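There are two complexes below, and they share subunit A, which is joined by subunit B in the first and by subunit C in the second.
The block that comes next holds the complex of A and B.
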């Protein structure tokens, strides 16, 4: 399987944004996503290769237009759904509940 | 600041992350204190100062340097650094004729135990795509210009292998202690996008 993630040698990606003082996490959700991914990994529920493969199947447009930790969210969610650990319905339902609580 | 559409997407992402965390906690796949511990470890405790200690040791102890270049994982472990994303370490040495750079073209593989979490630019499409076809141009964007005669070797991290560059010790540092040398070595020099400067 190949995909747009195989970027070595691709042209047209633009200039590198070198920010020497950038933070590890730009938003709190990124921090939470990082911790969550590692915690579930530490529990042995998936390995890194499965996770990478899920990210690589995100689809080219989705992959190129989302951020790094959105890739992680996509990848982890895909793996958990495929393993039957979570369902789409549960996630949507919980999002709706949490969304109602906000603002 | 963001457009309405952007705001809506970000809210979806935030909601989804919160939903995932909430469900996983309910199902006992994660617990809040373990999560915070992991975040704290990688945000605040593990970082490039680890790698700088490895470099300073290699600069001051030639037998250590030999071991480091032969068995990166083992020599790095001697200083107490090991773990996730550093299980298979290879250390590559810069010389006056060879400059090394590290990239992960497929994702963001990076030697966490010695350098902490990778910078955003390392994980970005521009760096991942161009480091392997235009390393000299990439170095220029980092303010590094090498003589035309210097060979640049770019190492593409694989599923398991993690690379760390052993930068050259700058001239004029002969009188510095190992601790003082540690202070000179910054993250980018161990990725290969910077040179170590004398103070």
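The block that comes next holds the complex of A and C.
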């Protein structure tokens, strides 16, 4: 799809910010996201192309204003919902638990 | 259901899961062939960047047979040859681009036609 993710040749995004000492993970949840991606992938719940296409469907504004691992979270959630592996209710329930400080 | 085990992690992290397919599929092109990227605009997933569509390059090498992402994204694979195709910067970005640069793009058979 001709989405905003296909950025090759685009201009006006500012200089590329290259940090040679960039950390692999900026927040602990990103580390968890990485682990979760591997676990769900190895579990055979999606292939890489289904995952990428889910990210591409985020919508331009959402895509451009969220971080790399937020893209992962969004893509994973979309695919798992579409495949019926997770439900909106399960996600909402877990979010509510986490909101109360559960871990 | 397969489960991620500790001994699988290092390999997955360092090299990813290979999308190479052990299938006997004939290549449509060979290194040195001039090819033109199709001007297609699929609404689904594709790894054919907009900036090469309609442009002509040269097959640099044949990587072998790989999962075709456009199909795989909707659960329908069509394994085929994947090539590294070299495009001159001038071909992609016009006469003001540098003569010295090429862009190498990995392209599946279904993205390419023989150049006219």
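One rule holds in what follows: the second predicted complex is superposed on the first by the 101 of 103 C-alpha atoms of A that agree within 3 Å, B and C clash if a C-alpha of one lies under 4 Å from a C-alpha of the other, contacts with A are read in each partner's own complex, and residues count from 1 in each chain.
Methods note: a residue touches a chain if its C-beta (ideal position, glycine included) is under 8 Å from a C-beta of that chain, and two chains touch if they have at least 3 such contacts.
These numbers come from a predicted model, not from an experiment.
Asks: Which term applies to subunit B and subunit C once both are placed on subunit A by superposition, clash or fit?
Replies: Superposition result for subunit B and subunit C: clash.
Asks: Which of the two partners, first being subunit B and second being subunit C, lies in contact with A:50: first, second, both, or neither?
Replies: A:50: touches subunit C, not subunit B.
Asks: I'd like to know which partner A:38 touches here: subunit B for first, subunit C for second, both or neither.
Replies: After superposing on A, A:38 lies in contact with both subunit B and subunit C.
Asks: Subunit A residues in contact: does subunit B have more, or subunit C?
Replies: B
Asks: Now for A:82: first (subunit B), second (subunit C), both, or neither, which partner does it touch?
Replies: neither
Asks: Between subunit B (first) and subunit C (second), which, if any, makes contact with A:2: first, second, both or neither?
Replies: second
Asks: According to the stated criteria, A:64 is in contact with first (subunit B), second (subunit C), both, or neither; which is it?
Replies: First partner only.
Asks: Between 20-28, 146-154, 164-172 or 182-190, work out which stretch of subunit B sticks into subunit C after superposition.
Replies: In the superposed model, subunit B runs into subunit C at 146-154.
Asks: Considering each complex separately, which residues of subunit A are in contact with subunit B in the first and with subunit C in the second?
Replies: The overlap between the subunit B and subunit C interfaces on subunit A comprises residues 6, 8-9, 38-39, 42-43, 48-49, 52, 56.
Asks: Report the residues of subunit A in contact with subunit B in the complex, numbered from low to high.
Replies: Contact set of subunit A toward subunit B: 5-11, 13-20, 22, 24-25, 27, 29, 31-36, 38-40, 42-43, 45, 48-49, 52, 55-56, 64, 68, 70, 73, 76-77, 80, 85-86, 90-91, 94-95, 98-99, 102.
Asks: Flag every residue of subunit C that touches subunit A in the complex, lowest number first.
Replies: It is residues 1-4, 8-9, 12-13, 17, 19, 41-46, 49-51, 67, 69-70, 72-75, 92-93 of subunit C that touch subunit A.
Asks: So in the complex, the part of subunit B that touches subunit A is made up of which residues?
Replies: 11-24, 27, 29-31, 34-36, 38-39, 42-43, 84, 103, 105-108, 116-117, 119-121, 123-133, 138, 141-142, 156, 159, 188
Asks: State the interface residues of subunit A toward subunit C in the complex, per the touch definition above.
Replies: Touch residues, subunit A against subunit C: 1-2, 6, 8-9, 38-39, 41-44, 47-50, 52-53, 56.
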